[in-house]
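I'd like to ask you about the structure that follows.
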Amino acid sequence: MLKGVEVAKHNSAKDCWVIVHGRAYDVTEFLPEHPGGQKIILKYAGKDATEEFEPIHPPDTLDKYLDRSKHLGAVDMATVARAKEADAASPDEQARQRRIAEMPLLEQCYNLLDFEAVARRVMKKTAWAYYSSAADDEITMRENHAAFHRIWFRPRILVDVANVDFSTTMLGTKVAMPFYVTATALGKLGHPEGEVVLTRAAAKHNVIQMIPTLASCSFDEIVDAATDHQVQWLQLYVNKDRAITERIVRHAERRGCKGLFITVDAPQLGRREKDMRSKFTDPGSSVQATAGHATDGSQGAARAISSFIDPGLSWADIPWFRSITAMPIVLKGVQRVEDVLKAVDAGVQGVVLSNHGGRQLDFARSAVEVLAETMPVLRARGLQDKIEVYVDGGVRRATDILKALCLGARGVGIGRPFLYAMSAYGLAGVDRAMQLLRDEMEMNMRLIGATTVADLGPDLLDVRSLGSHATTPADALAYAVYDPLVNPPQRPAEAVLPSAKAKL
Amino acid sequence: MLKGVEVAKHNSAKDCWVIVHGRAYDVTEFLPEHPGGQKIILKYAGKDATEEFEPIHPPDTLDKYLDRSKHLGAVDMATVARAKEADAASPDEQARQRRIAEMPLLEQCYNLLDFEAVARRVMKKTAWAYYSSAADDEITMRENHAAFHRIWFRPRILVDVANVDFSTTMLGTKVAMPFYVTATALGKLGHPEGEVVLTRAAAKHNVIQMIPTLASCSFDEIVDAATDHQVQWLQLYVNKDRAITERIVRHAERRGCKGLFITVDAPQLGRREKDMRSKFTDPGSSVQATAGHATDGSQGAARAISSFIDPGLSWADIPWFRSITAMPIVLKGVQRVEDVLKAVDAGVQGVVLSNHGGRQLDFARSAVEVLAETMPVLRARGLQDKIEVYVDGGVRRATDILKALCLGARGVGIGRPFLYAMSAYGLAGVDRAMQLLRDEMEMNMRLIGATTVADLGPDLLDVRSLGSHATTPADALAYAVYDPLVNPPQRPAEAVLPSAKAKL
Amino acid sequence: MLKGVEVAKHNSAKDCWVIVHGRAYDVTEFLPEHPGGQKIILKYAGKDATEEFEPIHPPDTLDKYLDRSKHLGAVDMATVARAKEADAASPDEQARQRRIAEMPLLEQCYNLLDFEAVARRVMKKTAWAYYSSAADDEITMRENHAAFHRIWFRPRILVDVANVDFSTTMLGTKVAMPFYVTATALGKLGHPEGEVVLTRAAAKHNVIQMIPTLASCSFDEIVDAATDHQVQWLQLYVNKDRAITERIVRHAERRGCKGLFITVDAPQLGRREKDMRSKFTDPGSSVQATAGHATDGSQGAARAISSFIDPGLSWADIPWFRSITAMPIVLKGVQRVEDVLKAVDAGVQGVVLSNHGGRQLDFARSAVEVLAETMPVLRARGLQDKIEVYVDGGVRRATDILKALCLGARGVGIGRPFLYAMSAYGLAGVDRAMQLLRDEMEMNMRLIGATTVADLGPDLLDVRSLGSHATTPADALAYAVYDPLVNPPQRPAEAVLPSAKAKL
Amino acid sequence: MLKGVEVAKHNSAKDCWVIVHGRAYDVTEFLPEHPGGQKIILKYAGKDATEEFEPIHPPDTLDKYLDRSKHLGAVDMATVARAKEADAASPDEQARQRRIAEMPLLEQCYNLLDFEAVARRVMKKTAWAYYSSAADDEITMRENHAAFHRIWFRPRILVDVANVDFSTTMLGTKVAMPFYVTATALGKLGHPEGEVVLTRAAAKHNVIQMIPTLASCSFDEIVDAATDHQVQWLQLYVNKDRAITERIVRHAERRGCKGLFITVDAPQLGRREKDMRSKFTDPGSSVQATAGHATDGSQGAARAISSFIDPGLSWADIPWFRSITAMPIVLKGVQRVEDVLKAVDAGVQGVVLSNHGGRQLDFARSAVEVLAETMPVLRARGLQDKIEVYVDGGVRRATDILKALCLGARGVGIGRPFLYAMSAYGLAGVDRAMQLLRDEMEMNMRLIGATTVADLGPDLLDVRSLGSHATTPADALAYAVYDPLVNPPQRPAEAVLPSAKAKL
């Protein structure tokens, strides 16, 4: 068994060992290939990297990507210096522990927004930064939710709503509620068990979970966590190496996935500055060495995990996907009606109107606005039943779901809110979040005067202001750069008193 | 006479006695039927529940709903421990008492908004929460008032306005001012005498009071408080048991009510999270026991009082109402022009465009916006005189009333402002609130160039922006979740001083 | 000579003497006739009322309105107790004196807004309240200025602007700049010399002054303060007693006034709540006595001075005005294009589009918005030269003036800004304010590419957003009534620590 | 060699010597001609003026404008009292030095906004005031950036974006990125080396620099700093003396400039009140002497440097420019489509839609809004290739650049952001700023689905809200003048306690 001191000797770019989960690995040759850059690995050269490694990599990562010959075997962890002790005692971490000790009871969370507010207080700063960050000035992220607030209801009265039923069908699967758990990366940043927590909650409430390519758990762990008849979909980042992609897709179909959601809005993963800022560590004396390098590896979790994604993916690839799977294919990240029409022509079964939670292109429009642009065109061409249209981004309330369905969406994807519920309260949190949505759905179906989702139509909405972007979103200029307009200040009394007195 | 210690023994779900107004009742069998849930009763098992019972239940409740055999007779109250003593000495309550001691004089209230601001300071927290709360993110509640602010005047000049007369007629009754006191529940939360305070003020100013189904006073108390010729209407929640409803309606007609206002926007009473939060009590060590139960009974006053309401009420029921009463029938809570046209077809005498003060469906539009949608359609079809159209929600100023009348409303309902005036200053408060409205009405009729309500028409308004919802209403995300956008922070001076110095 | 003690005996409603400017008056019989109500006089019964009397009444008031027999002659002021001593030593007044001692130098004021900010700091609270207050929620007052901010320029380039000339002609008078000093009441509240300060500044800059009916100086004082060729206009509140009105008009014409501006937007003077609040004095032990009286006399300066105004004034009166004067007649306070057309028909020479500085009807539209509605209609009917159209309200910058002129106004009236400049810095302040406007005019004429006012036309503007009122103006509800939306609060650590710990 | 004491004797308007860069000059006769006014020179009469002189005047200024006979030769600087010592020790300056010591590392700046925030903290107050100030209420300055925020993207998906190329051609020059460094005055206020820093950064990133007429460096210094093939343009303020202008233009062409950008939006340089306020110095006892003079010389840097600009410049001058140079001519500061059409007719090669960074006419529209007005008209007339259209103002993000290019701009000018990067971090700062823009460009080209600038077209945008100015920009009135709306305040407990108690 290896000793800590032995591992610690291999602590440079030319000879780099790291410890993960009690085993040592020689990653010297792998360094240049690491999608997240060398820098982050070198930080742990000769040390235990488990805590950093864990949430970002599925457990089978090292087996898959590092040659067996580099697996050096078990380390006697008692002999390894625990570098992170200091962290636990840091003032920031102590304050966080206090906030955790004082966090509200789960029953005090009355809506999905509550979970976000609690999670913000109790999550680790870097984890919160990764989940909550978005592109550039985060304008699209906020717009995603705000757009729902420009849609108003025209409810029907005196409808018998003693019984309301908001179950529906998605890609042929009957679901209890018209939403699904959309794919989000790195679930272990928020909860030690990762995505399987969402699997269990989805099972309990009979909604579909979309499994992310970039999960912290391995794909099989997530599928294994499902119940017998539970339906899951696969979200796919397309690899530059199509063989890998094919392997992933075929495996997913074999394991029973019922839908293939190909992400099309992320040829390159977005720059999320909050995430980058949260990762920044003062280089100390080596300031000059790195100055000017804008593209070093420490650009936050998003950049670290994305270098394999193929920016060359195009419409020409769709038939190939058709050829390798019988799963329904859905394009995730469509952002204009022209591309929805192309999707129909391409013969896919569905589209998700989405801007990736505002994490890719800032000033992309909200999915719900694109939906309002799309459905009338589909209906005018008689295509509304040729393709299932989903939306995600900004959904927090049952009223948001109802708005999307009235406009013509088959269902909505919900991501961050469940992540936050999981991060703050674990499975019980996600369970309650879904239960609250169910309560809100029942209430609001009644109040809008609809007994089934078939009753939901555009006449129940007033969307005249949806396309209005007259309110200018603010960015940091407003807060940190523009001087406030001022009037002349008072003058020190001593200086002016005599003349002022004379004047009065 | 029962002793306190004796009653105190019956303190469990299996054997539950409570004291109300000095008399003991055995409610063990009634527990599962209690509309507000068992939990709230069990909190007072074996104790005096009067303070909690009082504002939520009309005095005849126990006689009506609890079998005589369960009425256990008088209790010697000197022998009952006074649990509430502690409350009076709580820091919150002491602070409230100080605010009461320092509250402004009634003459310092110059408009209806002032009463709300004072009431917020001096009311009990739970009472304020019940009155002021609304659905979800309270967006419709705020929109109700805000919508009036998107309507501007086009006043006429050089009209002889020496004499202005703003009396009008509602359902055949001549009234001094074009508003009525609309129905609001649980008046005793705000004032120990409850709704009769509003009755007296309405009498003094010759306006109509609508009596709520869920009043704290009994229906008869409120009718008895009226003067000989004072006109009252009945607001009706329709019971699942139509026999009860019929009894209520026939009784009201017999007692002289001149209008039946059937609430149609509340098949289920809304979730009002502020109200729910104000009711939350820490379960202490029993945390695990209740976790996950989203639908327990402690969901605020609104849920506690509503379980009897029939969600199956529909257009098909209208003829039956016609058959049991000669009172004019008005549908309260209509929210789109299509349903106003249906109401005309159904032969009712009127509609109240209303969203229940924003307490039911969030993102329902304001009544005044629906009014602007409705009247041109009615006029185009020659139906404007077939039905009386009322609005309520958000009215605070005479200018609001004038805007509604210019658009074509027969009158407006005002609820919360009078509740707040009553809660803060009692009858004198409501009296002054009405007097202030009268003063404002006279002034603004003159300034707009109208001498009678017949002079009020749409040409006096600019409503081009009424339908614009371009400003996104904010919710708690903005305040508690979204991180502010930041620029890089300063760095501790010690760390960088040498290199910084070198640079300078 | 009367002694103070003697006067002091007459200190009741039945026997009421007051001292003004060192002379005693018996006002017992006059009490019920006082336009400002009895209460304010009784406050000074038996005392020196000069300080309160001075700014609200022209010096000839007592001679005009109180019978000679009630003039009791000089008082030995050394024997009169000086009640106001306390005031000077009040903490509020001391703080104000400190602010005066530290006020900015005049040269530090770079625009008209600066004067307002300084005046707010150094004026007496009641004077500031009277000048700055407006109707109801002051929404129209703020809109007056805001409306200019919805108009943008489309400037011309490469125009030879070496020489720019912004002189123009108003009612036949050549003026140096396209604005006039509009009528504002009670100038002595801001400056001991009152309106004559404005007269002198107007003379220096060759602009017209409009003399207010409710000036603190007498009409003749203001005319006497003018230079030989200085042009003044008369603003007229029409008295219920037309003989008084006729006397005023004929006298003004005789004294050389060149225009008669009849106020048509004030059949009753507005309720200005800030003004009313500033006047409120705690009645102390007599609380109960006055409770409920909404219309007592202490409703601020506005109500005190207006009871003589005739609310019966109408279009039918215009010919009579025509018959008593040869001065051009202008209707001040027109607020819709229909009434501008009526004014043309009535044969008057001009209109001032105005809402009385937002002091009358709240939610009246801004003058500049009404102007944009009016001029196209006038042009379409070929009436644009039949009548001169002025606007006032909200003008603070030369760009505001240019916008109004581009839209078709002959000139703009400016009121409050000059009052504030006068209140803060006296004549030098008004002089500099006008000089700053001149500097801005020259600069901005050049930048817009216009060399004379004839070059100013609608093609230099983008007014598409002028009519948009999508941003809801806020009132006190937002600040003092609506609760912020909250998420669940943290819980005291002691209570939850054990279970929370267990959970982690 | 002159001694300090000797120079010090010549310290009045009648006999005025100053020291600059260790040499003395007799400026007595020059005083009335100084474009910046006499006052600022007299402040340094008999003293060393280098620090004030340096950033505002190119080094050849004295040689060019002051007759040789007035050059008095070298001064023994050891004998000159150092007046500025005090400054360095001032609390303001000490605080600034602390902020500099703690400023963020360059690598912590992740976008162009970050540089502005840092520069604001570390620049000298007067320098910041000059760079950041704008006309009047700075509404156009903020609108310039805000307008981009009313434009949203309609990105294309499934485009092969493995390779993206955002190089383009400007006036025939191939550039690496579609922006240029636009002309800004007084570079040495921000950095001791001035504009040559920008030259070097532009060379590194292969973008064009526009050389300002009012540079701190001399024209030749800036050209000399360029690399062999680096392209520069000349920005020209046209002098009243056309001979000077001709000399400048011919010299620039000879030195290799590839474009002549004639500023047409500044017949007179704007009033920038922040700049003026920052220059204000308390005149102390001489208050009365200067009161009322609105146009003294101390009106900030802008006014000091502009008096030579010809306000008579007009379209008639264009042919003359054509006759003196072969450089492409571009009109900088065009603000409406009509003038773009005139520019086509005048045969110039390009226009820059610009409002001078908001520093001239407040309420001028943003360049990007004018661009959206212009291009459809050009296309409708088939003129889109007859003239190159540039925009500047408010560009901070690659998304802003992309929006302008989609609308039809050939390129965008960026000014302040590079000044701020230079002021905070020197050349490394500008370098990183350009690198960040490059990173953003690559990312966002991919995300929008465009591989070359030719792919960028209006269908990629949603500009429906661009022309909407419904949100009223606020000015100082809102902050310093308008009183908040209030409700009645609480009353002191002592006064009301008894009666309040009685009431309760």
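Letters are used for the chains, namely A, B, C and D, taken in the order the chains are written, and counting of residues starts over at 1 for each.
By definition in this document, a residue touches a chain if its C-beta (ideal position, glycine included) is under 8 Å from a C-beta of that chain, and two chains touch if they have at least 3 such contacts.
Please read these numbers as outputs of a predicted model, since none were measured by experiment.
K.L.:
Along the graph of touching chains, what's the shortest path length in steps from chain B to chain D?
P.N.:
Minimum number of steps from chain B to chain D: 1.
K.L.:
Give the rotation angle, in degrees and rounded to the nearest 5, that superposes the C-alpha atoms of chain A onto those of its identical copy chain D.
P.N.:
Between chain A and chain D the superposing rotation measures out at 90 degrees.
K.L.:
So, what's the distance in Å between the C-alpha centres of chain B and chain A?
P.N.:
The separation of the two C-alpha centroids amounts to 40 Å.
K.L.:
Please report how many Å separate the Cα centroid of chain A from that of chain C, as a whole number.
P.N.:
Each chain's C-alpha centroid was found; their separation is 57 Å.
K.L.:
Counting only residues that touch at least 2 other chains, which ones in chain B make the list?
P.N.:
As it turns out, chain B has residues touching two or more other chains at 105, 108, 110, 113-114, 117, 137, 277, 282, 287, 468-471, 475-476, 480, 487-488, 491.
K.L.:
What part of chain A is in contact with chain C in the complex they form?
P.N.:
98-105, 108-110, 113-114, 116-118, 121, 468, 470, 487-493, 496-497, 500-501, 504
K.L.:
Which positions of chain A touch chain D when the two form their complex?
P.N.:
That would be residues 136-137, 139, 264-265, 267-268, 270-271, 273, 276-277, 280, 282-283, 287, 290-295, 310-318, 331, 333-336, 338-339, 342, 360-365, 467-473, 475-478, 480-488, 491, 495-496, 499 of chain A.
K.L.:
Could you list, by residue number, the parts of chain C that touch chain D in their complex?
P.N.:
105-108, 110-111, 113-114, 116-117, 120, 132, 137-138, 142, 145-146, 149-162, 274, 277, 282, 284-285, 287-288, 396-397, 399, 403, 428, 431-432, 435-436, 439-440, 442-444, 446-448, 459, 462, 464-465, 468-471, 475-476, 479-480
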